Structure formats: structure tokens, C-alpha cells
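The structure under discussion is supplied below as C-alpha cells; questions concerning it will follow.
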Amino acid sequence: EGVSACLITKTDTNPFFVKMKEGAEAKAAELGVTLKSYAGKIDGDHESQVAAIEACVADGAKGILLTASDTKAIVDAVKAARDAGVLVIALDTPLDPIDAADATFATDNFRAGLLIGEWAKATLGDKAAEAKIALLDLSIAQPSVDVLRDQGFLQGFGVDLADPNKWGDETDARIIGNEVTSGNEEGGLKAMEALLTKDPDINVVYTINEPSAAGAYEALKAVGREKDVLIVSVDGGCPGVANVKDGVIGATSQQYPLLMASLGIEAIAKYAADGTKPAPTEGKDFFDTGVALVTDKPVAGVESIDTAKGTELCWG
Amino acid sequence: MTSDAKAATTFEEGLKGASEKVAEFQDDKTALKRIQHWLHQTPSAVPMIVLVVALVIFGVLSANFFKPTTLSTILQQIAIVGILGCAQSIVVLTAGIDLSVGAIAVFSSVLMGQMTFRYGIPAPLAILIGLALGTAMGFINGWLVAKVKLPPFIVTLGTWQILLASNFIFSANETIRSSDIAAQAPALQFWGNAIQPGGVKVLYAVFLMIALVAIMAYVLRHTAWGRHVYAVGDDPDAAELAGVQTKRILIQVYALAGLFCAIAGWVMIGRFGSVSPTASTGQLGNIQSITAVVIGGISLFGGRGSIVGMFFGALIVGVFEMGLRLVGTDPQWTFFLIGVLIIFAVAVDQWIRKVSA
Amino acid sequence: MTSDAKAATTFEEGLKGASEKVAEFQDDKTALKRIQHWLHQTPSAVPMIVLVVALVIFGVLSANFFKPTTLSTILQQIAIVGILGCAQSIVVLTAGIDLSVGAIAVFSSVLMGQMTFRYGIPAPLAILIGLALGTAMGFINGWLVAKVKLPPFIVTLGTWQILLASNFIFSANETIRSSDIAAQAPALQFWGNAIQPGGVKVLYAVFLMIALVAIMAYVLRHTAWGRHVYAVGDDPDAAELAGVQTKRILIQVYALAGLFCAIAGWVMIGRFGSVSPTASTGQLGNIQSITAVVIGGISLFGGRGSIVGMFFGALIVGVFEMGLRLVGTDPQWTFFLIGVLIIFAVAVDQWIRKVSA
Amino acid sequence: MTQEPLLKARGLVKRYGKVTALDNCDFDLMPGEILAVIGDNGAGKSSLIKALSGAVQPDEGEITLDGKPVRFESPLEARAHGIECVYQTLAMSPALSIADNMFMGRELRKPGLMGNLFRQLDRPAMEKFARAKLNELGLMTIQNINQPVETLSGGQRQGVAVARAAAFGSKVVILDEPTAALGVKESRRVLELIRDVRSRGIPIILISHNMPHVFEVADRIHIHRLGRRLCVIRPGDYSMSDAVAFMTGAKLPDGVSEEA
Amino acid sequence: MTQEPLLKARGLVKRYGKVTALDNCDFDLMPGEILAVIGDNGAGKSSLIKALSGAVQPDEGEITLDGKPVRFESPLEARAHGIECVYQTLAMSPALSIADNMFMGRELRKPGLMGNLFRQLDRPAMEKFARAKLNELGLMTIQNINQPVETLSGGQRQGVAVARAAAFGSKVVILDEPTAALGVKESRRVLELIRDVRSRGIPIILISHNMPHVFEVADRIHIHRLGRRLCVIRPGDYSMSDAVAFMTGAKLPDGVSEEA
């Protein structure tokens, strides 16, 4: 009898999750695991994920790989699945509490934000004190990735976070404004246009992911400011790394969804075979698949890789 | 000069001995005709047939489908949509539409949760406050529709955005954890309890949904108020002239819909354990409930259809989503097929009605 | 025996010398009454007034607001909604609704892009194919509405999901980068070009939108086809009996709407630079265009309103979004206030109409 | 005429935009009489009875019922005062059954617990009553009392509306062109019904373009012209052609000079 | 009767669910005649003319026009054959103007480039024509030809519909109760108009419940009963009371035995 596993992602339209799925499928084919994939309908769609977990349990899956939309709220559904003997591994985003899942293979999103924040600050040097920052976030529902990356960036840049569980409550005068982008080019462009209207002298742009960064770049190009504004982003997808290489994006924090997914499938196969559960990285309460800053303009004090290396490691 | 009038109407003498016979029509007695006639008389039967066909197909395609746990899971997955569907049904019967149902539900659940945890109000009281506030949100919709005479689509499009934003602002994006609720305010999770006959879990929420559908079916069919709801949707001017207090009925309908949504919000806490302001019901609840209503055969032009049909509509969608998941379809293909299903189900419905008309 | 008939109608002799006078009504000549009358005659004036008031308020609140670049930014931000609004307007005028407009637009843009980059078709030809396929998608909507007689809401709810899913499946979620397009297929980005009178950039897309609104205003008002669109929306049975080919008109309307959406898709490439299947227009385009249509005073029940009103409706939303951002509200509050605006704008509209009726 | 009018209106004005449908119109209905209202198309007859029955609110003027001033905000209020009206548009809900339509707004509830607590409708009673009233009108081509109104022919529909008003009117019954779509037989029944209702002591306002009918049943005839009452005549005093001449402006009644 | 009927129907059947509105019905219209169709409410008169004018498709039976079998899928097809119909429901678009309604489906275009290329409507011409036709009917209480139809009184609306049919019918004009809501003066005008149309050589089918009118203008009277043609009489041969007796089933015409 074959082993069956489930992959549940936040959405299946974001390239990040699309690649994660491809990685999982490739590994599953290799190990002879039957994989079924599910996703939320929109960013932050928590209910569809609960329904998907229930379907997996009903279907007799051995393990579930989950990138949770709502890390606290999903806990009950995960518990029900574990009670039914299903191995649940959180991918990309740790649950809250983190031990609600059997294991967590994740990037630290806060650290991803922190790296680009530090890089931007170091790149600007003294001018960081009078920077004008635009923050292009994901959605007004403020799902946890959205908050972690944004707050990580601000921390790295040296801005007081106020409530670290919420973006938009900072009072630092350098912040021109927050806008939401839905994480795509269209949203990035419109948000950037609006913020430029508010203050045409913006010189630092944080973006939730690389598609919104590309949109922001178009808006800057339209007003002829694409050369003198720093855009930073998170994800490390191949088009994103290419954009770093082309100078569209200054730096991006690269994550490794393929790695997470293939590790997850291996863990499930192992669990099905002999019942062992994966162990966390030493010194942490989760298995860190790592995050790396990709830029061609390295700065002192912030560890980074160049775009050649980034392209090698990128995920699609 | 009435003689003049008399003269003018003498031809009516021809009426003497006029036939009092009632026109008779032969009744077709073939089995097919009888089935058609029955379908025509029982509009909710059409979605039921679609449902049975869907069940059979998925039963064949997936071995796991006909397990009792699968079926009880389907029921618990549609519990919230079913309750929102009750709200949507009565609104649609008045020729309205309520885009704010999901937002009211989520906001009410957040209000119940925060009343308890932020302001320390005892859970039962917090629930009552949440239900009252949900009703008030519906009342505002109704007031704008009935008194200010704005189109329901616009009113609820506006309140949808307003309530969703209020929900995020008020909750400060905070999720209340399941374990905290279980420890401090179990009443909030009441509908998440279950009976377990023979090991199959059936949530209280499922029974609540069925009870609400049954009650509303009775109210709509067997009380004057229910008839008035239909009359308002059918032709509001005629209803007004015929002595229905259309404005009052409209306000009551939207307020009741608000109450149902708040109940759905309470049920959401039980079903998901936690209170989450980002619950996607806020964004998608309206489309989901409208889909159920329409697949169930309620006319968006008002005045026609039954709430039992809505229940079958919700079930059809639930069965399809679960069935496609078990068959292992890719999520995008699931969306695709649900889209096809919506059109197909309504086309079948239309076809049966035409054949049997 | 016609004498008998004659006798019965002798009273009609009283008609001889009947007055041929036309009832006369005094005309109020006060300025206020004249304004009211003018408003009543010119339905698109109402949103225009709301617009002017909004402009004045934001001009006072924010120093940046009345800069030419701000205004040109507003125009370019509504270009796509405005074009989708043209599609939505004609559909709504037939008492329909098109939830699939955004999905058609995004899918068409993806088709144009992938035809060029995946299959190596020259860009102008790829654009033509994209426009044709968009029209075909609209045609399917129209066929289902007119021939299978399904409710437009349901048909387009279904095709919305189907097209969006197809879009993701076909594109494999791949974004085509702006720099690649600029290098290899600049025709795709045509509408992103701009004229720069006095340093203020105005996109070609803005002129296209205005041209489309003007053309459709002419067509709807001054051609038989336009009158038929109104008649179909007003009372389809009456229109059919009066000799309008309602089915044909409906199919044409939806197909034309599909074409407009495909044009919007092309414009999206120019405006956003890249081709992205995840563009939010796919999800939100329908609600945005319906909002513009309704704020612009087109009745969702069909047959009433003007496309110029839709244009002002789109502008009002654009002005509000930009204005609120400049005044510096948090995105959640902006969302909240847009909700309030929608209700408020329509309420003002309703009030002016009532006063002037 | 020492009797006081049962329903009286003075100086009613109703404007629709530029059109003045009622232009300072007076009206009197005496107890127990059949009052016909005749006039050209567009003279304002329907507007007058809509104002009297609460369906529209007049811009000016006052209405008194039984000597007491009244102001009806809705047809329901007028109905609560016993004024029942058949509108030209009939005011029926097409998808609902004949019985539902007849009892709209005054449904019968089951006796006992089911009715009081659960507010259940007493369908058998409503159907029986509806059937009886339709039979009185000879509308027996209607087979099924639960048939939706939309499946009836125009004439049948009108018959149902008239039956409803006659069954429930307790003070005044108003009929706006009740026989317009009716056949010879059915019209005759309606005229009989009108006499029936009067013999129960209830006065009737009858709007009709059918002069022979008007002259046959009316006690008095209110002639409406250009939005106001031109004169009131008794059918015995004038011929039909006089009435037609008055209402079309061909002649002026004695003692009236046309100003408008 | 050596002449062939212009419009002929044989064995028409139309069922609505359980109701058989037309039950094997025959029909003949001779060239140049005014044919009245009379019958009880619900007898199936409207269903008959709907079948003849393409508004409904009969389940069985055939129709011939000028001796050629025809099958109209829509009113537009019937209109293309010169058959023009005023339906009981009038078939007007309430929000559109009188002129728009009169020309619905056969709008006039501007001459020259504007009309051919840009397909612009010739509003002034349409308005002038509409005004003239309404004046012929004496509907002069209508002030503004661009007024939406919904602001007209019931009678005015009916007048507009009749004017439309009379203006455009080239082969057959069908009128379903055209005077039902009309006043005395306006009804008279319609009767005159009917005679006018006939004098242009166009035959007319007139459905009416008004016996004096029917007997005044009709050349032949088709008596409809229980969904079929009971008999056809000439007004000169029978009295009105005979006709009424036939149509209500009180008497049977010679040579006909009631089977239904």
C-alpha cells in the first residue's frame, strides 16, 4: 500500500507556493509517495486550509505539509489531524505555538526582513537618518508573513516597531506610508504611485515580495526615479534574482521553498516507514532551511551572496 | 333616463342560461409527465437530484468517499455556509442581495471574543452582545435599503468594506487562541461540541444549521410574515398597494439576516476553535452563500424559490469540493470544476423547469 | 341588426364639439426648479456634482492634491477600471451583471503575453488573438445568458472561476518581466506610452478610456442598437414583442463586453509593464467596475442610466482613494472610508433625484 | 342633501414633476351610494382615488372620513379604516397563489396554539373563502385556487382583484375600471356584485369608461375634467350624451364656467 | 366565399402545463375585412392571436399566409411579413420615450454619411411622425413626445400602442382589446382608425368585450369558446344577444353541437 501525503499552501497563485508544490511533487515521485495539493483561495484564507486538513484526514493521508495562513487559528485543526495519527509538518511559517506541529521546516521571515533592513541602512550610511521610506505590504488583513517581514525590515533599518504584531502603527517620521499590494505587480505599481504622490522624494522602498517590487519599479521608472531609489524585497525567486542582477531590486532575502518541500516529503516517507519524526536544527525549535541576502552590492557587516550564486539557488 | 341605459345593454339578455361549466383539461397520465409535473411543483427537488448524482459519481471515483466520517466532515464544512445561506436566502427572496454576510459573521465572532478577553465580560453575555450587534449591522443594511431606498447591492457592498475594515481595526489583527478560549470561555466554543454515535463525530453546528433551515422553511411557507417576504420580492409596488408594510418587512429581513450571520460567527468560533479576524469567510462568505442560494434554485429577481433548495445547494458545493479533494484534483482544477458545476447545475434546473412547464 | 348596435352607442353623440384643448401645466420658473429639472433630465450630472464636491474638499485638505501630476496619476489609476466599466455598463443596462470582467482582462493579457513569448507569435498578431479570445469568452457568457436563459449573475460567477483557474493553469503562474517585453515585444506595452505636455505625463491608456466612453455614449444614445440595449434591459418581454431581437442583442452585448475586457487586458500590460496572471484585477475587477457603474447612477435593474455617469463614478472612486491617501489615513481606514463613500455617493444621488422628481 | 358626506375631500393637489394630475380637486361620497367617476383618459381619476386610498400622498388639500380629518400614509392605513381599493394595476403578486393574494396583509391564522404561538396560517379556511368569493363572481374557469396569479388570463386576474375588494371592504369600496378587461358575462357579475355591496350599506366609488354601465348602476356621477371635479350629476337628470359632452368639454353643465 | 383567406390557421393547439389554451382551433381572415374575435375571459383569444403573430409557438397545427405555410419564431418575423399586433400587455419599454417605443425595431436613420456610416438615428423625423400619428388618434393630452412611456396614464399608453400598430401594419393589423382602458372619446377614435386602416385595404383582427363596438365595425365575428372556434357569424344575421348567448354557452348556433 502506497504512502499518501498532502501539501497545503496559503494560495496556489503565488509563484513561491507554486515552486514549493513542484519541489514536493518531484520528491514525491522519486520516493513513490502519492501527493495531493490544496490551497487557500485568497491570501489569508484560513477556512479552506481547515477544510483541506479535514479532507486529508478523511482520505487517510500519512502526513501533511502545511504553510499556515493563520498560525494561531489553525492549531485546533492540526491537533485533530495529529490525534488521528497524521504527521503534520509546518513549512515556511511556524505555527503559534511552534510545537503545535510535529516539526517545522521554515525560514525565519522576521530574519529575512531584518537582513534587507540592515542592508538598506548600511547602504545609505549617514543618509539613513533622513531616509524616506515607502512600505509596500501584502493586505489589510495583515497575515503573519506580512507583519514579520515588514517589522523585520524596520527593525533592521533601526525604526522603533511600536507593536511588533502589527504594521502601520510606527510613528517614525521617516516612514512616508504603508500601502497594500496583494503581492503582485499591479498592486505594487498602484501603491507606489500613491505614495509617490504623497511624497515624490521617497528613496527607500520595502516590498513584501518580488512581484510587488517589480510593480514599484515601474512606477518609479515612470517618474524617472528608478536609479536613485533603493528597492528591497523578500523571496529569492529566479525572476526576482534576475531583477536584482538588472538593478531593479537592490537586495532580496532568498528563501528555499523547494528545500522545505523536499525535506518535508522525505520526513513523511520516513515516518510512514518506521515512525520516526524529524528533529529540529540544533539550538532552535525548528529546522531552519535558511535565508540568504542576495545582492551585487555587498556591504560590510551584513553577510550576503551575489546574484550568480543566487541564480544557482533560486527556485523558479 | 335609465331606460336609455337599459336599451344600451339589452344584448345582455343573451346571458340567460349561460353555461356554468368549468373548462376541463385532460390530464396526461404518463409516468414521465407525472415526474415533470412533480418536479415543477417541488422546485427544491431539482438540486436534490443533482446532489444524488454527484454523490454517486464521487462514490464510484473515490473509495474513501462513502465513509461516515467523510460525510460528517462534509456536513461540518458546510455548516457555516449553510447558516449564512439562510441569511442570504431571505434577503434574495426580497429581490435583494447581501454582500456583507461574511463580514458580519467574522466581525461578530471577533466582537464576542474581544468582549470576553479584552473587556472581561462573561462569555454568555458577550455572545448576546455579539448577536445583538450583528443584528444591528443587518438592521443598518435594512434601514438603508428600505428607508433611504438605496439598491441592496450598493448598500451591502459599502457595509461589507466598512465592517471588514472595522473588524481589522477593532481586533488589531489579533487572533485569540483556541486553548485560551477552551480554558476561559468554553461557551464561545459551544457549537464545536459533537455527538459521536458509533465513533462518527457530528458537530452541534450541523444540527443548528439543519434546525435553522427547517425553522425558516416553516416560517416562509406557513406564516403571514413569510408570505409577505415573498410578496415584497415578487412585486414591491403591488405588495405595498395590497397592504404589506414593505419597508418594515425589508428592515426585518435584513436585521434577521444580520442575526443569522452573527450566529454563524458564533458557530465559527466553535468550528475553528479560535477567533480570527482574518477568517476568509469575511471575504468569501458572500460569494459562497450566493452560490448556494442560486444553485438551490432561488431566483435572484426575488419571490421565487425555497430555503430547502439553498440547503441542497450548499450540500452540492460541499460534496463537490470534498469529492474533488479526495479524487486529488489540483486546487486550480477544483476551482475550474466548481465554476462548471455552478453553470451546469443551474442549466439542468432551467432545463427541467422548461420541460415540465 | 346594426341598428341595434347604433342604438347602443347613441350616447356618443355627446362627443360632437368635444374640446381639443391640451391640458396645460404651469411651468415653475424659479432658478431652483430649473436646476432640479435639469438634474432630472441629465442623470449623469449627479455624480459629476459629487465629484466636484469631492475635488474641492480634498483640495482644501491636502496641498498636494491639485498638482497636475496628482490629477494625471488619478486618471491613469482609473484607466483600467474605466474600460472595464464600459464593459460592465452595457451589460448592466441589459439588466445583467458581469462578474467575469476582471478575469477576462487578466486572462487576455496572459494570452497575449504567452502567445508572444511561449509560442513566438509576432506581438501584433498575438494582440489580435488575445482580443479575439476575450471576445469569445464574452460571447460564451452571452450565449449562456441568451440561449440557455441562465441568470447573468450565475453564468458570470461560473465563468469568473473557470477563466481565473484557466488563467493560472495556462500561465503556469509565470510572470513575463517588463524588461523582456520592452526588448522583444514593445507593441504589448503600447498603451503605457505617454505624452508629456508641460512635464505632466498622460498615458495613452487614459485617452483610450475617454475615447471608448465617448464612443459608447454615442452608440447607446444615437443608434438603434443602443436603444435596443436599453429596451432589452427595461422589459425584455416587451422588447421581444415589440420586435427587438433580444437574444441577438444580449449575445452582442456580452461579446462586446468581452472585447472591452480584452482591450483592458492589453492596457494592463502597458500600464504595469509586465504580464502577471496574479494581477488583482482578476479578483477585484468586477467589484470595482460595478462600483463605478452604480455610483455613476446606472440602475442594476437595467434600462436606466448613462455610460458617462459610469465614467464619473470611476473618477469619484479614484479621487477618493487618492485623496484619502494624501490626507494620510492608514490603508485599513481608507478601505473603511471607501465603503462609506459608496453608500454616501449613492444616497446623495438618490436624494437629488427625489428632490427633482 | 342634509346628510353629511362619508368621505370628503377638499382642494386636493397632486403634482408629478411638471404635470398637475389633481388641480384643486373636491370630492364627496354619500353613505350608501354608488358614485361613478367618469372623465377622459389622463383626467386624473386614478390619481384622485389613489389619494383617497393612501396610495399617494396629495401635495395639498384635506380628506375627511365620517367627518374626521384623516391622512393615510399607506394603503394599509386606509384599509384599517375600511377603505378597500381595486387599482388599475390590480396590485397582485404574480408568483403567489390566488388565495395568498386575496388575504395579503390580513391572513387568517389557525385557531389555538399553532396559530397563536407558531403563527401558522389557516390555509384550508383561506382557500375555502377565496373559492366562495370567486364563485360569487362566476369566475369558475379558475380550476385551482392555489394557482399562481401569473398563470391567469387578464380578465381572470381582474376578477380576483374585484372579489378581494368586495369581500373585505367595510366602509368604502373603490373600483378603478373593474370591468375594463372583463367579458360580457363577467362584467354583468361585477355590476351585480356592486349592487350587492351597496345593499350591505357600503358605498362604492366606481371609475369606468363604460357609459351604459355607469348610467345603469350609479346613484350620482362625478364628472372629472382636467384634474378637477367639473360637476356632479344624477343619471336621471341628464342623458348619456350630455354626460359625455360634459366630460369631453363639448358642453358646459349649467352654472359651471370652465376656467382652466 | 370564393376568395381565399389571407391568414388561415388549422388545428392549432397550445398547452400551458395542464391548461390547454388552444384546443384544435381553426381561424380564417379574409382580405380587407374587419374580423372581431369575441369570447369569455380565458377562452383563449389572446393565445390565438399570440400564435398568429409569432409571440408563442403553437404545439400543433399550421398557419398559412397568402396561401403559403408560415412559421413565425418571433414577433419580428411576423412583422417582417406585415403582421402588426397590439398585445394586451402593450409591449412598451417603460423608460424609453414615446417616439423610441413607436419605432422600436425599425428606427429611421439620418440620410447620408451620419446615417449610413455612423448609423445615427433621425430623431426629428421620428418625433414628427410619432406626433402626427398620435394626433390622428386625438391623443393630444400628451404634451411631450420624448416623455417616457411610464409617465403616461393607462389609457394614453394604450393609445400609443394602437397608433404604432396602425402606422406600420401593411398586411394584417391585430388588436387585442385596444379600447379596454380608453375613454369614450378615445375609443371612438380607435374605431375610426380601424375603419381607416381597412379602407387602406388592410384586414384587421379585433378582440373586444364591447359588443356594441364589435357589432358596429366588424364584417364577421369569430366566436371563441373553450379554446376553439365555435362559429363565425355576420353581425347582420344575428343580434347581439344571440352572439352573447353563443359565446357564453347559453345557446348553440345552428349546425354546431357542443362536444367539449
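Every chain is named by a letter (A, B, C, D and E) in the order it is written, and numbering of its residues begins at 1.
Everything that follows uses one rule, which is that a residue touches a chain if its C-beta (ideal position, glycine included) is under 8 Å from a C-beta of that chain, and two chains touch if they have at least 3 such contacts.
A quick note: this is a predicted structure, and the numbers were derived from the prediction, not measured.
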Using the touch definition up top, find the fewest steps from chain A to chain B.
-> 1
Spell out the chains that contact chain B while also contacting chain E.
-> C, D
If you take the mean of the Cα atoms for each chain, which one ends up farthest from chain C?
-> D
Reference chain B; chain at largest CA-centroid distance = E
Same or different: at the chain D/chain E interface, is the fraction of residue numbers used by both copies above or below half?
-> same
Comparison of A-C and C-D (more C-beta pairs in contact) | A-C
So what's the Cα centroid distance for chain D and chain E, whole Å?
-> 29
Measuring from the mean C-alpha position of chain A to the mean C-alpha position of chain E, what distance in angstrom results?
-> 72
Between chain B and chain D, what's the gap in Å when you average each chain's C-alpha atoms?
-> 40
Taking each residue of chain E in turn, which ones touch at least two of the other chains?
-> 16-17, 19, 42, 141, 184-185, 211-212, 239-240, 244, 248
Two or more other chains are touched by the chain A residues 12, 42, 140
Which chain B residues touch at least two other chains?
-> 4, 8-12, 14-15, 18, 23, 25, 165, 168, 332, 335
Chain pairs that touch, by label, are A-B, A-C, B-C, B-D, B-E, C-D, C-E, D-E
The residues of chain B that touch chain D in their complex are 1-2, 4-6, 8-9, 11-12, 14-15, 18, 20, 22-23, 25, 218, 222-225, 227-228, 230-231, 234-235, 237-245, 303-304
Counting only contacts in the complex, chain A reaches chain B at residues 12, 34, 36-42, 44-48, 50-52, 54-55, 57-60, 69-73, 75-77, 96, 140-143, 147, 163, 165-166
Chain C residues touching chain A in their complex are 64, 69-70, 73, 76-77, 168, 172-175, 177-179, 194, 201, 268, 271-274, 276-281, 283, 321-322, 325-326, 328, 330-332, 335
In the complex formed with chain C, which residues of chain B make contact?
-> 4, 7-11, 144, 148-151, 153-155, 157-166, 168-169, 287, 290-291, 294, 299-301, 332-333, 335-336, 338-343, 346-347, 350
Once bound in the complex, which stretches of chain A touch chain C?
-> 12-15, 18, 42, 137, 140, 168, 177-180, 182-187, 189-190, 193-198, 200, 211, 214-215, 217-218, 221-223, 239, 242-243, 246, 248
